[in-house]
Structures are given as C-alpha cells and as structure tokens.
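These are the structures in question, set out in turn.
Two complexes come next, and they have one chain in common, chain A, joined by chain B in the first and chain C in the second.
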Partner chain A sequence: MTQLNSFIIAALLIVLLGFAYQSGWARSRKLVTANGVKIHSRSQYHGALVAIWVLIPALLILGLWAFFGPNITRAFTVTQIPADVVATLDQPALNAAIQRLQALASGYGVSGDLAPYEQGAGAALRNFQLVTFLIVLAAVAVAGILALLFARSRIDARLRARTHVERIINLLLLACSAVAILTTVGIVASLLTEALRFFTFISPFDFFFGTVWQPNNSGTAGNYGSYGILPLLSGTLMITAIAMLVAVPIGLMAAIYLSQYAHHRLRAFAKPIIEILAGIPTIVFGFLALVTVGPFLRDVGNLVGLDISATSALTAGIVMGIMIIPFVSSLSDDILNQVPRTLRDGAYGLGATKSETIRNVLLPAALPGIVGAFLLAVSRAIGETMIVVLAAGNSPVLRGNPFEPVATITVSIVNQLTGDTDFAGPQSLVAFALGLTLFVITLLLNVFALYIVRRFREQYE
Partner chain B sequence: MTDTPRVATLTSAERTRLIHSGLRRRHLSEQVFKGLGLAAIILALGFVALLFADVLRKGVPAFVQSNLHLAVTYDPAIIAVEPAPIREAGQSDADFRAVSLKWQRDVALLNWNKVVEASLRAAAPVGFEIDSKQILTTAETDARHRIRELFVADPTLLGKTVEVEVLASANAANWIKGNIDRSLPDTQQQLSAPARALIDQFTANGTISSGFAWSILGNVDSRAAPAAAGLAGAFVGSLFMMLIVVVLAVPIGVASAIYLEEFAPKSRLTDFIEVNINNLAAVPSIVFGLLGAAVFINYFHLPLSAPIVGGLVLTLMTLPTIIIATRGALLGVSPALRQAALGMGASKTQMVFHHVLPVTLPSILTATILGVAHALGETAPLLLIGMKAFVASVPATPFDQATALPVQIYLWQGNENRNFFEPRTAAAIMVLLALMITLNGFAIYLRSRLEKRA
Partner chain C sequence: MDMLAGKVKRTEATINTMATRPDAHTAPDRPIRINAEDVTVHYGAKQALFGISIEIPDRAVTSFIGPSGCGKSTFLRCINRMNDTIEGAKVGGTITLDGENIYDPSLDVVELRARIGMVFQKPNPFPKSIYENVAYGPKIHGLARNKADLDEIVISSLKKAGLFEEVKDRLNEPGTGLSGGQQQRLCIARAIAVGPEVILMDEPCSALDPIATAIIEELIDELRENYTIVIVTHSMQQAARVSQKTAFFHLGKLIEVGPTSDIFTNPVHKQTQDYIMGRIG
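Then we have the complex of A and B:
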C-alpha cells in the first residue's frame, strides 16, 4: 500500500516535471518564431527553470507530510479505539492494538478473533488513509500546477533563465562541498562532547598521565577502574617505531633503486606490484600476522634462545611495516623525481659516482620531503587498527620489551566500544577520549608533514 | 688543502695508483649501494609473493567440502504430525499464515535427528557398532534442518525414501583432510574412535565424497553448523554498502570537486575547505567509526549493525579520495579546451559540464572504483557501529542486520574451532581479494579504453 502510494506520487511528480519542462520550452520557442526577437536564454533553460519552480513546492509538501504524517495517522488511529479500551492499555499494548488496526486496514488481516470495535475502526482507518493520501496528492498537484502557471507567465525574451538555472546548480555544488566540512565538524563535535562527558567521570589528569589501564567493564559509580592512557601510548609508539624501522629502509631504498638505477622495464613491472601491498585490506595483514608471522617469529626466537610471544609488538610492527612500504616508496619516489636534474648533472660533472650523487646530493636535497613522507607514514601507522587488534596481543601493561604483547590506542577503542548504544558510563565513553587523542596526534602530524612537503615543492618550483 | 702539496710532489705513477685504489673503493661502495637497492626491491616483491602464496596455501583446501550422500526415509513412525494445512475459502492471509506457522512449528518439534541417525545407520556397514550421539557427530548439525525443510516444502514425501546430500561435520572434514593429527590420543581428538572409524568407512565406500565447497559462497554464516558457514550474508551486506557509497559518494564528491576547482572564489573559506579535505583523507578510519557510532547510531537512532550506517560511514571516508582525484583530473584538463569553449560563447557552467567534465570521466571513474575497492576492505569503522554481531541471514534491505566480508573474516578468525576455521578464513580472504582484484582490473581496463577514445 505505502509502496504503491510512493510509486503514484513519484509518477505524478515525473509527469508534472516533464509537462513543466515541455511547457516552458514550448513557450520560449513561441517567443522566437512569433516575433523574431532574440531571447536571452535557450529554450532548454526556460524549460528547466519552470521544472525547478514546480519541484520546489511539491518537495516542500511531501517533506512536511513525511515529517508529520505518521504522527497524524497515529493520532487518528487512537481516536478510533474506544476511550474505555485505551484507558486499559499500556504503551506496548497500545502500539500492538494500533498495529492490528493497520494490518486490518491494509487488507492483510489479523489472526485471531476481532475485538468488537476493530472491524469498524479498521475500515475507518482505511478510509482515512485513502483520504489523506488523496489530499496530499491533490496538494502536490495543485501547488505544482500553480507554480507551473506562475513560472510560465514569467517567461519572456529578457528572462535570464540560464543565469537562474546556473545559480541553482552553483548552490547545489556548494552544498555538496559543505559535506566535507560537515564531516570534520561532526568528527570534532562528537569526539569532543563525548570525551568531555568521559572527563566528568575520570579526571583528565588520571587519563593523560595514568600508568594503569584497567577498565572495569561492569563497574558502577566509584568503581569504574583505571583509565591511564600511557600503557596504550607506549604500545602504539613501540609498534610504530618497529614499523618505521622496517618500512623506511626498504621503502626508501626501493624508491631510490627504482627511480635511479632500474631499467624502465623492471620499473614498469615492480612498481605496480609493490603498490598492490597498499591495496590489500588491513584485516588480511592482521590475519597473516596472527597465523603465519607470529608463530614464525616465535620459532625463530626459540632457535636463538629468545622468548618471543606469538602475538607481540614485534609481530604487529613488522607486518605493519610491510604494509607501509608502498606508502613510503611511492611518496619518496615522487619527491626524488622533483629534485632538479641540474643538481644531479652537476655532481656527475664533478666525477661523483651514482651512489655518491644520491647520498651526497640527491638525498640531502630531498630530505625535507622525505621527512614529510616519513611523518605521514607515522601518522598512518598510529591510526592503523586491524593489524594490532589481531596481532599485538592486547595486553595494556606499561613495559619496554617488544617481544611481549602490548595494546594500542586503536585496540582499546575497538575493545571498549562494542557497538552497544548505551553511552552512559566511562567504559564506552573512554573510546571517544582515546579517539580524540588519536585524532589530535594524527592531525598534527599530517598538518606538519603536508606543510613540509609543500615547502619542499615550492623550493624547487 | 694540506694534501695538495703532498699529491703534487708524487710521481705520476704513484698518483695513478692512488687514484685507482680510491676508485676501487668508490666503485665497491657503489656496488654495495646498488645491491642494497636491489635487495630492497626483491624483499618488497618477496613480501607480495609470500602474502599471496600463504593465503592460497591456507585457503585453497577450504574450497573442498565433504558431502554425505544419504538415502533419507521419511518414516511415518518418527514423523507423527497432522497433514499440512490447506487454505480454506474466505480465510484471511493472516489466519492462514498463523495456521501454517503452527504446523511448521509442530514439524520442527519432531526429533529429526532420529531421521538423520536412521539414514546414517542405513549407510554404515551392517553390524557397525556406534551409539546415537557418536554417529550424529559425523553429519553437520544442519542436516536435520535440510531434511526437515525438504519435508515442509513437499509434505507428500511422508513414507518415501529420497537421496539427500548433506554436509559432513566440520570435525569430520578436519579428519578427512588431515587438518588434525591422526596419531593424537583419543582424549585430544574431537571425534570419538567409532565415529572416526565410521568416517573412514564412509570415505572408502563412497558415502562421503569431496566436492567444490559451494557452501562457502552460497550459505549464510552459522555457528551451530560450522561446515555450513558461508559468506552469502556478508557478501550482500558488503554489496549494499558499496551501492550506498557509489550512490552518495560519487555525485557529492564530483560536485564538490567541481565547485572547489572551477567555481569557488579564492578566499580564506575555500583554502580552509581544501586543507580540511586533505586532512580528512588522512584521518584514521577508526575515527570515522567513532563518528558513525556517535552521530548515526546514538543521535539519529539508525539501526545497529545495518548496512545503511556502514554505507554512510564508508561514504564519508571515501569522499575525500574521490574529491582529491577529481580535482586532480580537472586540473589536468588543457586550458585550450576551456578557452575554446568560452570563446564560442559558452557560459562557465556550460564549459564545465559540456566540455571539461566529459574529458575527465576516465579518471573520475577510475578513482571511484579504487575508492570503492578500498572501502570494500575496510573493517575497523564497521566494528564500532555494531557489525561484530553474529548474523545468520541475508539482509533483505539496507536497514536489516548484516555483516560485511572483512568483518566476516574478523569473526571467523576468532572462532574456537581453529583447525576448521583457519582455512575457511583464508578462503574468505581469497574471495575478498578476488573481488578487489576484479574491481581494480576493471578500473585499469576502463581507463585504458576510455583514454584511447578520448
């Protein structure tokens, strides 16, 4: 029933719009042929303008109905149930009674015996739904036709229809680019408000400088547990450092070799394959870290007499480093290519070998850009979630041994915010305080890195 | 400088020797440096190869499933139930539905395990001794549902015998595939000794055969029947989310790129929007999950674990990528094209929509597909909007509970039956990677084709 109704309304709108466009188009055409005058805009724009005029009031009415309609129908349905019956029903029972009436009205019927009032009430509701639907339909049609007549009467040779239509398009484009701003505002506002609510339970001092992370997930007032971020921060930084130790040498050397030494065929082959690493979902890396890399490292550790845990900072760090290699290598590649050729040629002219040129001329010249790329990679590693969720072992204790399990900020966010909607206690609210910390750290790193990279580019432009 | 007089006093032969020895050292370090570069490339390529090899090695065996061919007899002695209701004249839809649901409930209350057991015993060698509980561990627990559903669909089966193919249990599959060490003592085996012997008998006499595991692709997730757990629900969930991303992110992203690149006046505000978008592209994905949990679920009360919320979150995450790529493409359009259009009297809007945008179409399409492929593999934000839930159905609309492919991988890797679920997780990863590679390949194909034409 409701589906059919929406189809009818959509069909009506399409017919109205088509008719509006056509009538605007035809009227402006007539201006040309009759008087031979030049009109300002082409007929398509006149048609489009009339169609827009029709669309706006129609959408307004439909929007109002979508907003208020359900409540009006509900209020009417309640009036159909005898007052003495309503008095005996509590809220859920009233809802059930309303649903029964709606099922009756839709013609689907209900199971079981009908209460004495139900048959009549169902029929009344059916009539009411039909009448309101017709009223809405008529309102849309009348408003649309009035708008059409008005817009049509405005058409004359001097009407700047194209300008109007383009201004509306412009407004739509502006609205779309506001979405990006709204997203940022949404992120900042939601993180801030929820984090502030968290700080009403736990003092910011205990959060930012606490060394014990031990949330009591079933705790009530006075017994919430400890929420010190330092163990998580140390785990995050340790894993990030290990990841950078893996990614930066390999990524940088790969970029240098590909851009300075490699035959163009090797470059065409190797570059896209290394980029594949960047496209693989992090959950895949996490799974392999858990089932392959972790046990492998543990066995290697046993061989050399080291006690390496299968899920540890080392496992997560190495796998995360592999994930970041293409990120480092493609950024460094871009930056190396931007160093002017004259610098290199000068070094060659002085008799330097290729590696001397790279080490003594190219890299120092590219250093700011490479530092920027490095910082971007760090920010990426800090925010990475799935690898650490699976492979870091989730042990939020402050310690310095990379062979032992750790926990990170992102892991704790996933653990604390399990998807229940109840944001009442610090147990779930802490996720937002952690998220805010993460957001601020990565934002600062990004802003700083982008600034450095931009300065670097301008230097050689 | 102090060296100069000394070098100058050397004879030319000594000088040549000195230079040569220096050159040797320098060339050696050149070779070492070059070798390090090559090693880095080989290492990086090796990681890619290892990654795929490992996933394939683990995942391929999971695409083989063990099927049990049983002759199932719908014995009226076990299936003691009234005949299925037939719709009477004048009965309302709701009434008929209530009656047939009641009948189905009655059917479900029967002990269908007895039917399964009888058919298993019929397949076992004569005189094979095994108790009821043990013999039932050879078939997957969903066998009784399969057999019951056949009966519900066709109540005339009562008293007849039909050939039915059901799945062997996950533990049986482990035993057959050798995922579990056969020499382990009884206490460490998941199956009892008679059950293991029976499975070997079944394999020998052809009651159990191997086939391609359609269950992975066609079934929904299942906890009680791990051998029947599949990706269908997760696949549809992911599909809904991708549809939402395409429908929302592409128009909004392209429109805002056009505005920023072509129309926006150079002002503080547009500078701010630009910085903003660049930073949004680098915000960790988990922060988008927090946004989704706080805004869409806690504030707008959208349903938990639903593809609509996941789709919206992924849309916001993909938007910056599409905006940045589209802006790059617009920037690359030659000024000659713009000036030609303007020179012919086109307005700015006409120039953009009639001339500039069509030229950039290949780049925009490619960026869109790559953005969607990236969104397809994203896991962390989905966990925060409740997609950790176990969902054993295919979502019919984007508002129903669902999982997504990467979330399913996350859920499966945590399953306790490691022997069985580790290969199955790798198989799910293969499906996800295959999808992503297809999308990426499609993007490359589209770009090369459209660019040739342009």
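Then we have the complex of A and C:
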C-alpha cells in the first residue's frame, strides 16, 4: 500500500514536472517570435525554472507530511480504540495494539483473535489513510499547479531564468558537498568523543605507550586488562612494510614495462588484467593467504630450516603486497605517462638508450608522483583488514620476527567489536581509540601524498 | 679514441661523396653530407611522406618550409631515426650519412644520435641543474675521462651556445628556471656537448620572442662554421636569413629544393610561389 502510494506520488510529480518544463519552454518560445525583443535566457532555462518552481512547494508538502504524518495517524488510531481499553494499556501494549490495527488496515491480517472493536477500528484506519493520502495528493497537485501558473506568468523577455537556474544548481551542488563534509565531520566527532570516553577508563599514556595488549573482555572496574597499542602498531607496520616490499618493486617495474616497453597490443590486453586484480574482494585474497600461501611458506621454511608459521606477518604481508600491486602499477603508469614526451625525446635525441632515458630522465621527473602513489598505497595497506584477520594469526604480542603471528590495529578492532558490545566499558570503547589512531595515521599519509602529487602536477603545467 | 677513428673514416667518406657528386647542384661549394632517397613514412595506415629525395650539404644551413602538417618534422625525425621511438611509424627508402645507410640494421642508433643532435620546438631541459643538463650527454657517451674534462666540455658547450655569460654563476640551479630563450640555448648547448656533426632543429624559435629569436639565429649562423644544420621553420624571413638551401614540402611531398636565394626570388613551382607569397598554409 505505502509503496503504491509513493509510486503514485512520484508519478504525479514527474508528470507535473514534465508538464511544467514543457509549458515554460513553450511560453518563452512564443516571446521569441512575437516582436524580436532580445530574450535574456534561452527556453530551456525558462522551462527548468518553472519546473523548479513546481517542485519546491510539492516537496515542501511531502516533507511536512513525512514529518507529521505518522504522529497524526497514530493520534487518529488511538481515538479508534475504546477509551476504557486504552486506560488498561501501558505504553508497549498500546504500541502493540496500534500495530495490530495498522496491520489490519493494510490488509495483511493479524494472528490471534480479534478484539470486538478491532475490526471496525481497522476499517476506519484504512479509510483514514486513504483520505489523508488523497488530501496530500490533492495538496501536492494544487500547490504544484498554482506554482506552475505563477511561474509561468512571470516569464517575460527580461526574466533572468538562466541566472536563477544556475544559482539553484549551485545550491544543490553545495548541499551535496555539505552532506559529504558533514558526514566526515560527524564520523570524526563521534570517533573523538567515544575515544575520549575510552581515555576516562585507560590513560592515554598506557594506551599509546603500553607494550601489552591484553583486554579482559569480561573484566569490571579495576580489572579491565591492558590496552597498550604498541604490539598492534608494530604488527601493522611490519605487515605494511612487507606488503610494500612486495608491491613497490613489482608494481613499479610492471608500470615501467607497460608504459615504456610493451607493444601497444600487449598493453591493451595486460593493463585490464592487472586492473582486474584490483577488483578481487580482499576476503578472497585472505583465503588465498590462509589456504595456499601460508602453508606454502611454512613448507619452504621447513626445507631451508626456518621456523615459519602458516599464519604470520610474512604471509599476510606478501598477500597484501600482491593485492596492492595493481594499485601501485596503475598509479605509477599514469604518472609515467604524464611525463611530457618532449622530455623523453630530449634524452633519445642525445643518444640515450631506453633504459638510460628511463633511469635518468623519466624516473627522476616522475619521482614525486611515484612517491605520492606509494604513500597512498601504504595508507591502503594500513587500513586493510580481511587479509590480516585470516592470515596474520592474531597474536598481539610485541616481537620483531616476521615469521611469527602478529595482530594489527584493524584486526583488534574487529575482535573488540564482535560479540557483546554495550559501549559502556573500555573493552569496546577501545575500538574508537584504535580507529582514531588509524584515521590519524592514514590521514597524515594521504595529506602528505596529495601534497607531493600536487607539487608534481604543477611542475608540468 | 672511437671518436677519432670515426672522424678519419668519415673524412674519407666525405671525399668519396665529393668525388661522385661533383655537381652538388644546390649549395655549389659544399660537399653533400646527408643524402635521402625516396624516403616514405607511414604512421600506421596513414602515409605522411611520399618519396622524399634530398641532399643536405656539409657545414651549411638547410631549411625545411611548408604548411602545417606537411611532414617537415616527420622528415627531420627520419634523419636521426627519432621515428623509431614512435609506435606504429614505418620508414622506407634510404638515408645516408657520409655514404653510410643510417637505416642499416647493423648501425647503432645510439651512436647515430650522438652524431646527429636534435633541438626541439619547445625547449625541453631536463628537470636537473644547468650543469647536469649539458653534462648528461657527455656522461652517457663516456666523453669525459674526469671531472675536469667534463667541466671543460660543459663550459665550452655553453659558450658555443652563447649562454655561458648569463648562467656562469648559477650552473647548479635548475635548467627549468631559465627563460624560454635561455632554455632553448641550453638545449642547443646540450646537443653540442655530445660533439655532433649534424644538428637538427625543429622550429627552435617558435616558442620565443623576437629578441630571443634573433639571438638564436645569430647563433645558428655561427654554428654553421662547424656543423651541418637542418632547421624546420614557419617563418619565411627566418629561412631566408639563416639558410643557404631551402626545401619546400607540401602534403607529404617535397615540391621544390634549391639555394635559398633561388627559392625566394625565383621559385619554379606555382605551389612554392603561393606559399612564399602567403597564399597557402
């Protein structure tokens, strides 16, 4: 029923808008032929302006109804329940009764026997909903048509429809970016406030400089456990470092090969394949790490007499590096292609070989951009979760051996938030402090990377 | 050592060329250095040059003129095989430098480009210091035995390019920080530093103001004493001022070639005449 209603309203609005646009357009067209006066705006703008005029009151009415409608309906429903019955009901029971009536009204029916008043009340509610819907519909239509007539009457040669429409578009875009910005601000604010709450339980010093990570998940005051971030931070950094050791050389060389050496037919075929790698869900890489790479590394370790555990910083780091390769290679590829051709020609013209040109001219010129790409890749690696959950072994102990299991910040957030979470104690609140730390690290990296990349762009503009 | 040996061989070749081509009809007093025969270029399926044959005299300036897109740059790039770096470009015919076919498979392109330097339309100094820009070529070709040698090459190249006085106090500053005209002279110095015999210039003044242009033209006139120069230009006056031989291209064909004075005062072909009078292009 409600879906149908929304559909009818949307259809009405679209018809109204189309009609409004058409009529504004047609009317302004007439101005053109009549007396040869110079018209300020073209007809499309007049059409669009009329349509916007129609849309605004209609949306206003719908907005008001969306806001007040449910309360009005509820008030009406309560009047349909006999007063003596209402008197016997407490708040939850009243809500339940109202829900039963709404279910009856929508025609789905309810389980259990019907109270004597319910059948009639349901029918009345149904009528009420129909009537209010029609009223809203009519109000939208009337307001729309009035607005249409008004806007239409305003059309004349001097009306600055284009200016108005542009300003409205401007406002619309502003509103959209405001949503994005406000969301970010909101997220940061909630991270901050919750993290501050966490710090009322655990001192920041113990958190940032503590070397033991041992939350006591069922602990109470005085017995919360230790929340030192250093073991997690070291795990994160170790895995990130291994990932970059894998991704940077391979990704960069792949980019150099593809952009400088490969025949264009090979490139047309290889580039998309590499980029498909970027589309593989990280959980699949996690599988790969857990099922294939981990055991393989352990066996190799056995052969050469190294004690490598199947889930370790090494496993997670290598697989994460593979995951990041396409990221590094496609960014570096773009950057290498941005180096002006004239620069390369300059080197070739002096008799430099291909590899000399790449080493001495291309790479130095592209270096800042490539560094920027690497930093972006690092911030991706730091925030990566799924691979680490599956392949790093989740052992939050401070140690420097990449062959042993580690835990990272992201994994610990997952651990602290799965299961019972009431956000009353440090056990779950710590997730916010960890998240905030992660956020600050990646933010700094991104800012730094963007700064470098921008400097690089300016160099050639 | 290699360079020396090369010079000797080349001199012989030059004498041979002189002997076999006593007429050298366009620049009468100069032996022929470069000889192109029936050169064609395709970019993919598109043919850009149709059977170009031309002789380029030693130690003189030869200019290529013609409307935009007629293939001047394309032909210029054939002479030092820069077209090799363009994917899909195919060159046919033969071009000889001192009688040696430069498209011979056994020829080393790197060595060829050291002998035939190039200056581009837009100044393109490397994002390195002024010194490093000039020193780069000598370094990759191993022309300097030590730092003092290298300094010597850099300074003399900058002097030949007429830039030394202006930059001698800031050799370690980035080359990209110079003015456009200075950058172009830096690029000429960079080309000279490798010790080429031929210098190709593709519209070297098109990004420069009249004063910087005049300086470069003067420079070209001086360089002519020691180098074979080929210059592409859109300016009739420039061609008339600096070159001794002029070739007019149109739609991928070489329409007319001859001593500059003849081309400008007495063109044989109607198209040449029209272009010079500013009626086409």
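Convention: the second predicted complex is superposed on the first by the 323 of 461 C-alpha atoms of A that agree within 3 Å, B and C clash if a C-alpha of one lies under 4 Å from a C-alpha of the other, contacts with A are read in each partner's own complex, and residues count from 1 in each chain.
Everything below uses one rule, namely that a contact is a pair of C-beta atoms (placed from the backbone, for glycine too) under 8 Å apart; a residue touches a chain by one contact, two chains touch by 3 or more.
Because the structure is a prediction, the values reported are computed rather than measured.
By the document's definition of touching, of the two partners only chain B reaches A:Leu288; chain C does not.
Shared-chain residue A:Asp307: touches no atom of chain B or chain C. Of the two partner chains placed around the shared chain by superposition, chain C is the only one that A:Leu343 touches, whereas chain B remains out of contact. Contacts of A:Ile358 after superposition: chain B is touched, whereas chain C is not reached. Which of chain B and chain C touches more residues of chain A is settled by the count: it is B. In the superposed model, A:His264 lies in contact with chain C only, and not with chain B.
In the superposed model, A:Ile256 makes contact with chain B only, not with chain C.
Looking at the shared chain after the overlay, A:Asp299 reaches neither chain B nor chain C. In the overlay built on the shared chain, the residue A:Ala180 is in contact with chain B alone; chain C does not reach it. Chain A residues 353, 356 lie at the interface with chain B in one structure and with chain C in the other. Across the complex, chain A is touched by residues 26-27, 29-30, 33-34, 36-41, 43-45, 47-48, 51, 54-55, 58, 92-95, 97-98, 251-253, 255-256, 258-260, 263-264, 272-273, 275-280, 282-291, 293-295, 297-298, 301, 304-305, 316, 319-320, 323, 347-349, 370, 373-374, 376-380, 383-389, 406, 409-410, 413, 422, 425-426, 429, 432-433, 436, 440 of chain B.
For chain A in complex with chain C, the touching residues are 263-264, 340, 342-353, 356, 360-361, 364-365, 459.
Across the complex, chain C meets chain A through its residues 80, 82, 85, 87-88, 109-114, 117-120, 122, 124-128, 136-137, 140-141, 176, 187, 190-191, 194.
Residue ranges of chain A in contact with chain B, taken from their complex: 103, 108-112, 162, 166, 169-170, 172-174, 176-181, 183-184, 186-187, 190-191, 193-194, 249-254, 256-258, 260-262, 266, 270, 273-274, 276-277, 279-284, 287-288, 290-292, 322, 325-326, 329, 353-356, 358-359, 376, 379-380, 382-386, 389-390, 410, 413-414, 417-421, 423, 431-432, 435, 438-439, 442-443, 446-447, 450.
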